[in-house]
Structure formats: C-alpha cells, structure tokens
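Same chain, two partners: chain A is paired with chain B first, then with chain C.
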Partner chain A sequence: MSYLKTAMITALLGATALGATPGYAKDLRIGLQSDADVLDPDQSRTFVGRIVYASLCDKLVDITPDLEIIPQLATSWTSSDDGTEITMTLREGVVFHDGTPFNAAAVAANIERSQTMEESRRKSELSSIAGTEVTGEYEIKLLLEGPDATLMAQLADRAGMMVSPTAAAAAGADFGLNPVCSGPFSFTERVAQDKIVLTKFDDYWNADAINFDSVTFLPIPDTTVRLANLQSGDIDMLERLAATDLAQAEADASIVVDRAVSLGYQGITFNINNGERGDNPWGNDRRLRQALSYAIDREALNQVVFEGAFAPGNQPFPSSSPWYNSDLPVEGQDLEKARALLAEAGFPDGLDLEVQVPNSTVPLAVMQVVQAMAGQAGINISLTSKEFATLLSDQSAGNYQASQIGWSGRIDPDGNNHQFVTTNGGINDSKFSNARMDELMDAARVGTTVEERKALYDEAIEIMLDDLNRVFLYHVTWIWAYSDNMKGFTPYPDGMIRLEGVTWEE
Partner chain B sequence: MTDTILSAEPVLTGKPENRVWKKFRRHKSAMVGGVLVTFFLLIALAAPILPIPDPAATDWGAVRKAPSWAHWMGTDDIGRDVMSRMIWGAQASLLAGVVSVSIAVAIGVPLGVVAGFFGGWTDAAISRCTEALLAAPFLILAIALAAFLGPSLTNAMIAIGISATPIFIRLTRGQVISIKSEDYVDSARAIGLPTTRILSRYILPNVLPPILVQATLTIATAIIAEASLSFLGLGQQPPEPSWGSMLNTAKNFLNQAPWMAMWPGISIFLVVLGFNLLGDGLRDALDPREH
Partner chain C sequence: MLPFLLRRILIALPTILLISLFVFAMQKLLPGDPLLVLAGEERDPEMLALLREKYRLNDPIWRQYLAWIGNALQGDLGISLRTNQPVTELMLQKLPVTIQLAIMSMIFALVIGIPAGILSAVKKGTVTDYVANIIALSGLSIPNFWLGIMLILLVSVKWQLLPASGYVPLSEGAWESIRTMLMPSFVLGTALAATLMRHTRSSMLSVLSADYVRTARAKGLAERVVILKHALRNALTPIVTLSALLFGELVAGAVLTEQIFTIPGFGKLVVDAVFNRDYAVVQGIVLVTAVGFIFMNLFADAMYFVLNPRLRGQ
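So, the complex of A and B:
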C-alpha cells in the first residue's frame, strides 16, 4: 500500500516537473469582458466571440498590425483587370478539426452558407459575391457583381472564417453548440457565462507556432475583478483593461501591459434630418456643430477620463491609421472661434443642446467633461442617460437631437464611413445627405489602388469635418495585461488575441 | 349649536403633547436620530448659501485627488469637489425621501380612509389593488416605474411614491376600521354629524400618529430607493449630484480613489439610520400604552 502511494506521488511529482517545462502542458487562461454569443462565425455578433475565433477558426486571409492583408488559408490571390473576379490559391494540406480536408469546394460551401443560411449575419458583408467557380482542388474564383475594394477586408474577419462543411451540413443552425473549424485549437467544452475551453489541434498546418496545450476563455465582466484575477494568477491574460487601472497594472512587476489603438471611434452624432426632431438649430446649421467641436479640448478629455491612454480623435480613423487625413490634425480647444461661430449662426448668448448618452460610467464621464467644456463657450448641454438598446432605437427612429455613440471599427475604411454618411446608408441615423459625399464614398468602394482610394477618403474627410454630422472625440485603445511569463504577444488594432508564436516561460 | 359640538370633542390640550415630547426627549436613540436628521436637513437647506464650489465645476488639474485642504473630501473622476457634491447631493436625497413619502401619504391615506370607513365593494376594490401592488417587491416596482417614466429625479420620486403607497393604504385602512367602532365616533354619528366632519374631526386625527411613524420610517427606505435608482442611472441626471449616482461612479475607482465611495456611503448610512431611530422614538413616544 505504502509502496503504491510512494509510486503515485513520484508519478505525480514527475508530471508536475514536466508541467513546468516551457511550452508543455500549459493551459492558457484568458479573462474576457463578457461571454461570447453563439460560436458560429456566420451567426455571431459579439466582439469577444471574435477573440475566441482567433484561436478556433482560421480565415481566408489575415491582417498585419499595419492593416495589410496577408495570406492565411488563401496563399495568394489576384484580381481581374475589371475587378469583377478574384482568383484565390488555397493552402494545401489543411484539415478541419473533424478531419474533413480543406479545399476549393469547402470554400465554395462556406461562402454559400454565409450568403444563404437564414440565421447568417454575414449576408451584407459578402453581398458583392455573385457566385464561385471551383477551378482546381486548391483554386477558386470569386465572381463579383462589380469591383469591391472592401471584400478582402471582410474575408479577414468572420465572413472569411472557414467552418467544416461536413459538420456544418450535419448541425445546421446548431453548429455553434459544437463548432468545427480549422484553427490552431479545437472546441472542447463550453459552460455558458463560465468558460470556453479549446484544445490544441495537432494537425494544424502551423502547429509548430502554437505553444499551449489548451486555452480557456473566462468571461469576467468587471474590469477591476479581471485585474485582481490576473494579479492573483487565476488568469494569465486579460483583454480591455480599464485605462484607470493602468497605473495599478503597470506598478505590478509580474504583469506586462500592451496596447494598440483600435480601428473604431467615439463621438457625438447629430440628428440632421431624421424626422421632426432633426429640424432644430443644431441639425440645420453646421456652424453650431463646428462651434461645439472647437469648444472641446480632446487632449484634456483623454487625460481626464482615460489617463491619457486613449487617442484623441477628429476623424473616423485614429491618426495612426494609413487612411487618416494628416492635413487636418486634431486641433486644441478654441473658445473664441466657438463663440464667433455661435454668434455668426445667430446665437451670441449661446444655446441649449440635448445629448443622449449610454447609461454607463465611461460615456457619462466623457459627456460630463464635454458638457463642462461646451459650457465655457456658452453651449448648455443637458444629458439624458439611456439604456444602450433604447438609445440605439431612439437614434434610428430620429427621437434625439444628439447622441454620444461610437463604432467598433472595421479594417477597411469603408466600414467606418459608407453606412453613416451616404444618403441611403444603413445606419445613417443623422439622415445626412451630401451628393458629393455619396459620389466619393461609392467611388472609394470600387477604387482599385490604395492611392486612388486614399485621395477619395481625404476629400470625404474634408467634407465630414465641415458638415460634422458626427463630431469625433476619441479612439479607444485596446489594453491587454498579461503575466510576464507570456512572451511574444503582438497587439493588433482589431483587438484580437493571436496566439501564433506566443510562448510561456516559467 | 356649533359651539356645543366643538366643546364635546376630545380637544388635545397642551398636556398630552408635553407628555409625548418628554417621552421623546428621554428616548436617547431617538434624540440621536433627530440630531442626525436635523444635521442633514440643515446642510441640504444651506447648500445654496454655503461657501462651497459649484458641484458641477470641473478642474482638469485635480482629478481623483485625495482629501486635502483645498478639497476636504477629495475630488472625483472628472475633478469636481466631492464635498460640494455631497452637500448638494443631500438635497436630492432628502428631497427624494420627503417628496416621495408625501406622494405616498397623499394618495395612500385618503384611499385607506375611504376603504376602511365605507367598507363594502369600495373596500374590496381598493384592497385588492393594494394587494396586487404589494405582491411586487418595493424596489422592483420602483425600478420598473422609473424605467417606464424615463430617467429623472422627479420621475424617480413619483415612482418611489407610488411604490410606497400600498403600505399607507393598508395602515390607514386598519386604523380606521378599529377607530370607527369607538364610542366617540358612534356618538358623533348619533348626533347627526355629516360623514366628512366625522372623518376630519374624529377619524383622521386619530389615525395620524401611526402614519407619522410609518412616514418617518418610509423616508429612510425612500432615500435608499432613490440612491438605488440613481445608482442604476434612473434617478438624478448628470452632472447634478446625488449620493446614489456618486456611488455608481465611485465603484469603478475603489482602488484608486476610495474616498469617492466612502462619503456617499457613510452619508446614506447615517441619514437612513437617523430616520429609523427617529421613527422608532416617535413610535414609542406616541404609543399611549407605553409609559
């Protein structure tokens, strides 16, 4: 008996010793801000869901931290001269987690699923694809309705994620209960609101770059609690550290903090012509909106609310983006100009503005700071805090004067603009309309070279900053905090956690 | 004729009032409660004349600063003076307590009197509605109403007032039922006094003491409810301060700026304690059986 015990303890100790060896038997635990929704790339809509996919599902293409499109499952692609056909060469030797081989037929099936499945939320993202043509085991042609410069960026996100056609056909809309993709980790287990466990996929095409046996995602909504869990070692990494917790995290020698400015923006959207409430001085006179913009000290806003960790902004992209119009940098507060514009518009004694704001701490703090700044110029802002879903529905119904709202951002510049500023844009809640803007936006959508598109966006931004149906305030910075045992993590502006090349050293 | 009737009434002379006051004064915890409530009342009333900074004035150079000579209770997340916000917040909290209970009393007592005095189907209708309202927990009902009415301090007070009404209907009804069979009420009826006069002269004055006690205790509950609603963003709207909304903001800075949560937390505790002690003391002092 005692011999057996000794043998067992020895075996256990041996196992522990093995566990301490770098890169072996390590379960990486990541704290997420919320629980992911359904784990089906075609159906899901949450940001945290995408973080899980970064380990679970490979895409046709990926991005670099500088937003260049690079190969992932597609190794190369060429566009026809008229831009209506894209021919892709696919990676060979890739298998899905269930053993189904990845090939051109699989890609065709995936695109069809995204376009036709009733529950799919990817339909509009792939609407420019008219059909596919399998031209070889590892070659596929995407036939487009017309040139679409935004398509490759869509394929670098959920619309380009490849799921096993066998599993998808068998599970139908219930695919999310047991997702089967071709990413570095395969799905093992999920307990709603508790954890999502993925296990390393040994047949992954790039398995050598993966140094963890499993990865567990834990939803921990409170940022302070997430940090406490990291400090106590219960988790190894967390996403979206609160800017106000930065000092505490940075003071801890065993924690590393990394950041990347996001692709999105936060600002104030005005009701220009959306129903009766658009007919007010703020909706009718751009000079008032310009006055508000001049009254705001964006740098101070960033310092006060975000400890300087975020990026002050005046355009739909952060200044770090290649699409930023650098001729129009973020300006400081100019109260004289603000007052002059108010007077010019016929309100020398200032006027009132009602802004609706999401009912949570950060937006409320931001708007109270803006309120104080605008007050210096004579603009009396009154705030109405609303639950987020109510705020959004009031905004699309035109039941608002101005709204503090943002956008999580897209890789392609089109995603941050077209739907907000074109006359028939899907989420143009301002009901803003400018013929030249429509032309520019549509032209940029089909433009083929980066230079050509950049010129179009530069002009569009000039108009945006003059018309100001959106007054931009700042850009969120993604902040990751992780144990200093973790090495090789690269921050990306899309906020994802890519584990290729990341190692664990104790 | 009128004179004779008046002299037949059980007129309250100075004596029993003195007895109540004497009993109240001997009640030590009641006095503590009274002092606490008076203190916060005075602060709330004096808010406009006290030499304190504007509660909405921000100072970007003093964000989340610990208590100091310049800011006795420190500053908050966007550089506002916490003490000034505490004092103005006292106004919101006490106003919410008093106004919402006034609403509850103004609706609840007449309904309770009508139900208790007339009985029959009137009583049945009022009592069933009361029970239906009582079936929903107080705070849940207040949150639902406030969410329905839209977020503002006024709406929060209305929501809390309506949620607190059933308890006053119940209490008044019970009191009226026990009092209406008293000999002096029968006598008043016998000599042919109109119902309204019986109600105002004999019933109401005698149901008031327990209602006063209940009202005092409910103010405490209402203050907590207002703080809860403001905490959820359904009460006082920014930048106007309220203890509840201050706590809501403070919860994100417990590590970096504990004073932001400490002061409103302590104040809610003290003012609620004050009203509860005061209510207990009043109950003892007004109870004719206790000596």
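So, the complex of A and C:
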C-alpha cells in the first residue's frame, strides 16, 4: 500500500519539482518546539517567547556564555557602598522600533510598567527596586529596598527588556499583539501556531552586526518533523533537537549541531511537611531520601534516556556552572549504602514510594529508569502520571508524596534555590524548613562579592544534599541544529539564539 | 424543501445550546488548575488572584456560563488566556486553512474512493475487487502520523519535491499554497477514500441486485448506462450523507495530520487549547464546530432533494 501511495504521489507531484525554490538565508527561518505565548516581556512566561525576544527586545544588560553580566542598553553601572543604589549609564543614540528615543525616562517608565501593570509577571523579579531617579538624559539611579545581588541577573532577562513607553502606554495590556522594542528586529506579523515574523530594524544601534533581512520563527512541535524540515532546507535552524535524533543530525554533513548545558535542573521533589501527606516515612526521614539518591545511577540514566547528551546532576546547577560545589561531585550508584540507610531508618526490607510524574514521554521514561534502579535497593516506586496542570495543583496543595518536576533555571543562583528551600519560599511545595538554610539563602541574596556568595551557596548545597527535599537527577542540554551555511552562532546556557554576528555563506 | 430545512434549523438551536453547556461543564470538571501554569513558573499568589478575577473564575459556574453565552450570542467569544488574542480572530485565522485542507482532502477521497467502490462492486468477487479491498483496508489501517512522516522523509527530505511542513495562505500564492497542502490532504484523503470506497461498494451492491437494474439490463441498456445512470445515482444517497459528515469531521480538525505537517488549523488550535486549559478557545471552537456539523447535516439533507426527485414533492 505504501508503495502504491508512493508511486501515486510521485506521479502527482513530479511536475511540481520545478517550482521548488532552494532556501536562501536573507530570511532566516528558525523552527521552535512550541508556539510562544503573549509577546509582551512583562506578561510572558514561556521559554520560546524568550527566544523570540532575543531578536526583538534588547535588555539593559546581557550575559556571556559564562554567565557574566555585560552591557547591552546600559553601558556601565556602579553600586553604592551600602548596595542600596545602582547608577546606570545608558547607551546613547538608541531608538525604539516606533522611533521613540531610548533614554533614562524610558527606563524609568519600563520599570514602573513591570512593577505596576496588573498583568505583569515581573513584579517579584523587580521587588527590590523601591524607585527610580532620572539623573540625566542617559543616567538613571535604581533605588533599592536593600542590597540585592540578584537584580542585575534579573535585568539580563525579561525584567530588563525595554519596550517603547509610547507604544506601551497606547496599547496597555494588549501590547503583546503588536510589540514595540528596540532590538535588532522589529515585529511584523504573527499567525498563532504558524509563524512569528520579524524584520531587520535599520536604526538598530548595532545594525552592522545583523546579517539577516528578517527572521521567521515557526513552531514545529514534532521533533522528527522539525529535523526533516532542516534537512529539506525548509528551515535554517532548529532549537531543542531530541537527544534521540542526535545521531541522525550528526551524520548529516550539511548540518551543524551545537550544545550548551542549561541553567535549570530536573529532579524529584518530596513532600516534607505540606499538609497531612507530608507526614510519611519519606517526608519524615531524610535517610530514606538519601537512600533513593544513592540508588540512582545518574550517568546510566543519562545514557539510557538521553543517549548521553544531557548532564547528570546532583545539585541545583550543572557542574559547568561557576556556582557548582565541586567538593560534592555526582557519585555513582551505591546500592550497599542505599540498603544500609534504609535499614538504619527501620526499613531493612525496603518500602513503597509514590511518585507523580507529568504524562509526557521524557519524564515517564526518566522515572521508569529511576524506578528500576530504586527497585534494586528495595525501594518500590509506583508512578502516577498526571497531566501537568493537575500535577502542579496537587503539588502545590500538598496532595503528593514525591513529584518529578524541574525548573527552567535562572542566571543568578538565587533563582534556582531561594523560593524552593526557604521556609516562606513562594514555591516551596515541600514546605521544607531549615533555619540555617534560611540564613544562608537570605545572606547570599544580599552578598556583595562573588566569593562571599559562593561560600554561602557551597554551605547551602551541603545542607541540601543532606536534607534532600529535592533529589536532583539531570540537567537538560540545549541542542541546536542548523545548516552549515550559518556561521558564527554561539551556544549560551540560557538557551537563547543571539543573531548578532551570525552570518550566512552559501 | 424550504419549510423542512427551516424546521431542521429550529431543532438545531437547542442542540447547539446543549453542546455548549456540556463542553463548558466538562472543562470545569477537568482536574488541575490552569492558572498555576498560566501564572508563570513562580506561581506568584498575587498574579493568581488577579487572573482568577480577570477570567471570572471566582464566580459560580452558572454565572460564568451565562456571561460567556451572553457574549457569544453577540459574537464575542472572549480572549485566549494564553496569547490574549480574541478567540474569534484566532478562529478566523484558522478557518480558511482548515477548510482548504478539508476541501483538498475531500477531493482526494472522492476521486479515489467512489470510482474504486463502483469498480469493486461491479467486479465483485474478482481479483480487482480483492485488490481494491486490500488497498482500502490498508488505507484505513495505516496511521496518518506514520504515513505523514514517511511522506515527509521521502518527498521532502529525499527528493526535495515539496515543503516538509508549514502553510502558505492562498492569498500569498495559490500554487505555493496548494503545494504545502498536497501531502497532508493526500494523507487525510486516502484514509477517507477507504471509508468511502467500502460504503460505495456495499451501497452499489445492494442497488445492483434491485429489480429496476435487472429491468434496465433486460431492456438492453448498455452496462455503462445501467451502472452510472441507474445504479450509481440511487447508490449515492448514503454516500452523500457520509461525505458530508466526513467533511464535518475534517473541519473539526485533523489533529494528528495538522500536528505532523504543522498546519495551523482548527485541530492544532483546539489540542493546544485543551492542554493549556485555554477555556475560551476550547469553548469557542466547540461551539463553531457544532454549528458547522449541523450545517453539514442540513447540506446533506438538501442534497437528497437534488439527488432524489421523489422527495421534492413532499
């Protein structure tokens, strides 16, 4: 049958071959795993949305691949001695896509919008800013409630994206339907679930570094089809190649594959004290959680599920992060230790554990491998698969014993930790509480030097790996695949696609 | 004919209302809180409260329903929770895509299915009949997503004849648009052709054994005239109903095919909306689809009048 269909379609389509046009790269076409949500940096919440912003909206500051903060729209900044004031000098000669000039007043308006617009999802990220003071056309002072070591990292993401104050005031909450920023490309058109088209902005301050007339983002959810599109030349680049497609992509000489370990993590979060269900052996005795952690062979997990392409993990950041505590590396499976800990906790014959898991392929595969490994130590895991919204509401309501969940990751280490492990943390679904941990996390938040903060996080990680309200499993690796005509792409751990300096050579 | 159709339309109205009520209730019964996903990874409590207020999720369900249906009657289906776009605008973007896909698929289905059905009925019990049946059975059994991926790998990646996926609107070039739609409509069309073929075959078989066909043959008419003029016309009535319903299904969304070929149609819109609990979008689409189905049924009824002169007098 398939032969017949093939023959038929050949006959049918033979004539159309002449109409096929080879891909030319003045319009760069990028395949995304899913469609972006609302295109307003203040309201947005998806990862793919941020990929679009990387071409659409400039930020006050950017990061290097090693997570250092570097200038973008702010050219320099200094912090007062007590850490309560940050003075920023802004880039001159920058205009928004609608011609509105970028200056200190625009920055003040943007911060006010992020903090006060009803629908803003950036409020918590900028909560340390008490006010702003415009001290010159291109100089602004951020007045802080207190020292905040995480602020600059927030300004290197959506909270630091500058939108045109004129357009924002005119459009209000509907700004996302026609976003106006100051990035290298301006918004042209969006057809939901089909494409987002951006056109090169000729008045961009760094326009010489931009070598594409336009960029089109196409959501193509199926990974096989995304790769097929790249191989057929229908798209020039794709993000998040599936680990299972890696071999196929690498075997294709006309495709380049690049990777970067992400800033986030995946793991198992335990219910320690969140409602009645926290009162169970797993929530009450850390030795059981340690036993589970020892029972898992993280390297094997990575090999089996991700063809070795991801990064095994035991901490809230990958070992490639400057914040990783290298005294506590990822250890191999130790079944004896796991059994000994179980016996010590009073369960020499093992015990049951119910883990809820999102009902999609990857989390299920991961947990099935973990289930098999834990079984070797006598831990009998049962998996309850739930649709993601359900999993989240059960987790936040405390209706779970353990939950397979992750975190997309933040540039500053605070973002991967504070809200999960401090007593009043907003998404501490474990309801984990440890006085020393609270102290360390709060101190690291206001610490001024990197060395000081690193020491605090090192100690915090020691406690985390002992208490284990989160058992870390692995870190996603961003995998990009693109045509070998594309040159100069740099992989970043935040998973963004930065087109500055990227060229196309036929 | 007209009073009959008017009567059918009047019966359709409560049906549509019931469907909307049912869908509304079903969505609220789904476990999980969509706002936890919508509020962002941090799930800021202030944001949650605001969203509940904004989308009236604190109101009793009956009040939410009344507010929605009241706006819907005025043509306002609300805005998408996910993208803030008005639902009517989203659907107007998708509708032409889906209708184009449905029409092209239907052409494939009809052109392949009906002749194959006639052939296999006329040649009943011969090799031709068996081959046609086997082909039809395979057409029904081969999953669309598999066939779709195979076609992409062969036609787009290997031979580079057609774009692998995506969509070009008719307004931006009819030829390009048809090219992008060829593979998906072929995949959909062949599956439907199989259904059509089997129904045409059985319908033709029953007609061919009828007295008037024997009479027609007995009076010496050419076999071609007997088959096409006397038999087929009578055999077509159930096929018309079936085609109309199949077309309705196509418009409701060919979810898997749209997903594979990344066609921004109804199916993809509704699936994404269900997963994101985008209430307004799901409700809007179901309402419009229900209306579409009922319209297709009416269309089928109207076609009976055209095909069967005996009904015209009633």
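Assume the second predicted complex is superposed on the first by the 481 of 506 C-alpha atoms of A that agree within 3 Å, B and C clash if a C-alpha of one lies under 4 Å from a C-alpha of the other, contacts with A are read in each partner's own complex, and residues count from 1 in each chain.
Convention: contacts are C-beta pairs under 8 Å (C-beta built on N, C-alpha and C of every residue); 3 or more make two chains touch, one makes a residue touch a chain.
Quick caveat, the model's predicted, so the values are computed rather than measured.
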Touching partner for A:V304 - first (chain B), second (chain C), both, neither: first
Chain B versus chain C as contact partner of A:A253, first or second or both or neither: neither
Partner chain(s) touched by A:Q371 [first = chain B, second = chain C, both, neither]: first
Touched partner set for A:A435, first chain B, second chain C, both or neither: neither
First (chain B), second (chain C), both or neither touched by A:D37: second
Partner chain(s) touched by A:S124 [first = chain B, second = chain C, both, neither]: second
Which superposed partner A:D174 touches (first chain B, second chain C, both, neither): second
First (chain B), second (chain C), both or neither touched by A:T224: both
Chain A residues touched - chain C or chain B, whichever exceeds: C
Chain B and chain C footprints on chain A, overlapping residues: 224, 386-387
Residue numbers on chain B that touch chain A, as the complex places them: 56-58, 60, 63, 77-79, 147, 151, 232-233, 237-239, 248-249, 252-256
Residue ranges of chain A touching chain C (in the complex, touch as defined): 1-2, 4-6, 9, 12-14, 16-17, 19-20, 35, 37-38, 40, 43, 45, 118-119, 121, 123-124, 173-174, 176-177, 191-195, 218-222, 224-225, 228-229, 231-234, 386-394, 396, 407-408, 419, 426-427
Chain C to chain A touching residues, read off their complex: 31-34, 36-47, 50, 54, 82-85, 90, 93, 134-135, 138-139, 142, 147, 149-157, 159-167, 175-176, 179, 182-183, 186, 190, 259-262, 264, 268-269, 272, 275, 277
Complex contact set, residues of chain A against chain B: 223-224, 242, 244-245, 247-248, 300, 303-305, 359-361, 364-365, 367-369, 371-372, 382-387
